[in-house]
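Dropping a structure here in structure tokens format, bear with me for questions.
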Amino acid sequence: MKRSLPLIFAFVVGIIVLISEFIPHRPFNQIVSTLENWFMIISGFAILLGQISLIRMNANKIANRLPDWQYHLAGLVSFALMLIFGLLWGMQETPGLMGDGQGISAYLGSKPFDYLFENAYMPLSATLFSLLAFFIASAAYRAFIIRGFESNLLMITAVIVIIGRTSIGTMLTGWLPESLSFWHIPNLADFIMEFPNSAAQRAILISAGLGIVGSSLRIILGIERSYLGGDK
Amino acid sequence: MKLSPVAERRIIFTVLLFAVALPLVFPIGWTTEISEYTRIAYRLIEETDENKVVIISFDYDPSTMTELQPMAEAMIEHAFKKNQRVIATALWPMGVQMAEQAFDKVCSHYPDKERGVDYTNLGYKVGGMVTIQAMGRSLSDVYPVDNQNTPYEEIPMLQNVRRLRDIAWISSLSSGVPGLKEWMMVARDSYQVPVTGGCTAISAPGFFPYVNEQRQLHGLLGGLKAASEYESLIGRLGSATTKMDAQSIAHLLILIFIAIGNIKVWHGKKGRQQ
Amino acid sequence: MKHGMVLVFLFTITILCANSFHATDSPWDDGKAIDLFWELSPMTRQVSIHRLNENGNPVEVHKSTLAEGSFTDYGLEANTHYQYRLTAYFADDNLTLMADSNTREQWFFLRKLGFLLLLLIVSCAIIYYIRAARNGNEFFIRRIAGLDSMEEAVGRATEKGRPILFVPGISDLDDIQTIASLTILSHLAERSAEYNTELIVPCRFSMVLSAAREVVKEAYIKVGRPDAYKADNIFYLTDDQFGFVAGIDGIMLREKPAANFFMGSFYAESLILAETGFATGAIQTAGTAQAHQLPFFVVSCDYTLIGEELFAASAYLSKDPQQLGSLKGHDFGKLMIIVLIVLGVILEILGISALKEFIAGAVS
């Protein structure tokens, strides 16, 4: 029963959602949006589970003074601070339990939650994303090595696209006449991105799409049960 | 001198740091050529009539604002120049703040533009595609108030805007899901509203196939370079243009690193052969 | 005077006879649209169409300068009567015509017929091969290095006494890639339990956390090691994309897992994860259907599952004949698409767009 009920549920719901894609008549046209709403409601309650896991894991490491416990403390303190500030004074136009916090907003220039968001969270987030630049450099240094035909092709394409995406590409071949505009590096880069690259991406998308169909069918028909924890 | 992989990485990171930082402090002033994808997006906005209401959807968060925020500012400025009225929406929670920052920056150059009359921020709504579908039926049902709690019916610029079909064009600046694809699938395919947008350079190749004869996408701004191109088209020296020098230097440096990597491998191979 | 009146009379009759305006329910839809058609005198300068609401007040829905045209009014209520008023403006006169129609819900999206047929063909092929496998037919599946390496990765982690890190992507449970990654997690958890190697699974969403815990727990119970299961090793980090990445990077640098698995949906953070893992010297296997993240994984990981291979993983690892049979169905689907592409290209070159329009009806 523990296994059968979820499998039956997956089958019935899967078939209904599949059918509703093709039937505009009520109630089928409302099924997908209803199920999505249910999913969002369940996700909303499930957030609590995640928060409990987060607090428990960090508190455990702090309590047992495990290595680097200070960082876990910093994490919990940050979590608590944002929660408290948001609850007490709200954010932007939304008031908190203690109103809009005009006094503290006048001192900081904005509400505490917004202040931390703009001056701590946003720079941190942008910083993490900008790490990509460094990692791309180190990955390119390591990976773009000429070994054979395919890697030669990769290298040539990479050089054209890298130069073509900058002002340098325009300067290098900007002097070419209109009849040879195809060989202008930015145009060549656009060609590579639009044709060979798009073709390869579409092929991967098509095969992934087929994989999704197969995977979904296996789940709907109950052949695939690993997501439930297996057969037993 | 043989360097360990860790030391090599540190050298690469340090050199890259200086190479990217210096052009920001001492701009070089290189110009970029404008791609057709950017021109198509520009023409959509340029050829839209005055007083039309348009939507810019801020579907990104601070991590990608370096690439996408300049696009937002450029598009808002272009719309303001053409006297179009801009609605900001967000399918990502932090998009609301991104929109406010973009409006604040552009309005500093357009002090005559008035909130509620020339632009408004309807805020964030969870739901992605479901939200867009609901907007197709009724905007006021999805956004009963704007982000300053002004009722939809009391916002002057929205008096004749009931649903998505009343919008002249939609631009989604997105760095993931939900975003540009959802706007295309619903607004363009179901309601035939022209959709354009911007995304990070990494995601751009995935969207190029949609810029086609059927105009599933009316042009695309892919990355900082495209943002810089758009700024050139509207005649504005914005943040994207100043950052392009740094990007150009960084790309050149990556090519140099690739060359050094190959020389190192070739040298090692030659040594082993000997 | 008499002559002038005759001319006006003839003019009026001409305009009335030449003009038509009618409304019909949009066919094959969810009953929320009405098609409007008009055919007016060539002397028409402008056309304005209004929908009359329940109070009889007109709401403008369309404007045009075409004397002959059509327009679809979307966003209506199903099974409701609607009235429309068309006003045609001539040089110094105007004409008003009325039309009305009821919206009706249909039982099939005809424009999706092409999509339905393709889906049915692929699904039937998959089911056929599943049944064939059930009847004892064996199908050849090529080696997928990334999945074969799982044993090697677990073995290496056990030798070094280091844990294994598994990241189930950054999407929620409603993404099929996350489900596929959890099926791989199930098999990996069984191996880890057998070898008594620690398995760390950070999750971005609470629903994924619940599912991952259940999957790992069942895997440990299946191999008879329920005592070795540690719920705290499968934990929630944060909903924020880059906060999640920062947390995983911290785990990789502190715990130094010997093997990293990145399976599921990834976006811009893929290279950050893969490069940090590479710097720690771990053996890395990645799998995603996000085509534009694959190059980053290929460069920094030892093994990469490309697109479809991620979804084939469960079948490949379980060696279940039925699941392997379904992979054959994927191949049939690919063959069908290749044939359609070649056929489509030839037909387009010949100027026959029927096939394209039939299939494209699904997306327009």
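A, B and C label the chains in the order they appear, each numbered from 1.
Note that in this section a contact is a pair of C-beta atoms (placed from the backbone, for glycine too) under 8 Å apart; a residue touches a chain by one contact, two chains touch by 3 or more.
Every value quoted in this text rests on a predicted model; they were computed, and no experiment measured them.
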Graph class of chain-chain contacts, one of line, ring, star, complete, other: complete
A-C or A-B, whichever has more C-beta pairs in contact: A-C
Mean-CA-position distance for subunit C and subunit B (Å): 23
Whole-Å separation of chain centres (CA-atom averages), subunit A against subunit B: 17
Multi-chain contact sites of subunit B, meaning residues that touch two or more partners: 9, 61, 63-64, 205-206
Touching two or more other chains - residue numbers and ranges from subunit A: 125, 128-129, 136, 138, 140, 142, 201
Touching two or more other chains - residue numbers and ranges from subunit C: 240, 242, 268, 291-292
Touching residues (chain side subunit C, partner subunit A) in the complex: 28-31, 78, 105-109, 112, 116, 119, 122-123, 126-127, 130, 172, 174, 176, 179-180, 182-183, 186-187, 203, 205-207, 209-211, 214-215, 217-219, 221-222, 232, 235-240, 242-243, 245-246, 250, 254, 268-269, 271-272, 275-276, 289, 291-292, 294, 296, 299-300, 306-312, 314-315, 318, 320, 322-323, 326-327, 329-330, 333-334, 337
Residue numbers on subunit B that touch subunit A, as the complex places them: 8-9, 12-13, 16-17, 20, 30-33, 35-37, 61-66, 96-97, 126-127, 130, 133, 147-149, 201, 204-206, 208-209, 223, 225, 244-245, 247-248, 250-255, 257-258, 260-262, 265
Parts of subunit A lying in touch with subunit C, wherever the complex brings them together: 21-26, 29, 39, 42-43, 46-51, 53-54, 56-57, 60, 67-68, 71, 124-125, 128-129, 131-132, 135-136, 138-140, 142-143, 200-201, 204-208, 210-219, 221, 223-224, 226-230, 232
Subunit A residues within the subunit B interface of the complex: 33, 36-37, 40, 92-93, 114, 117-118, 121-123, 125-126, 128-130, 133-134, 136-138, 140-142, 144-146, 155, 158-159, 162-163, 165-171, 174, 186, 190, 193-194, 197-198, 201-202
Residues of subunit C defined as touching subunit B within the complex: 32, 59, 74-75, 171, 240-242, 267-268, 279, 291-293, 363-364
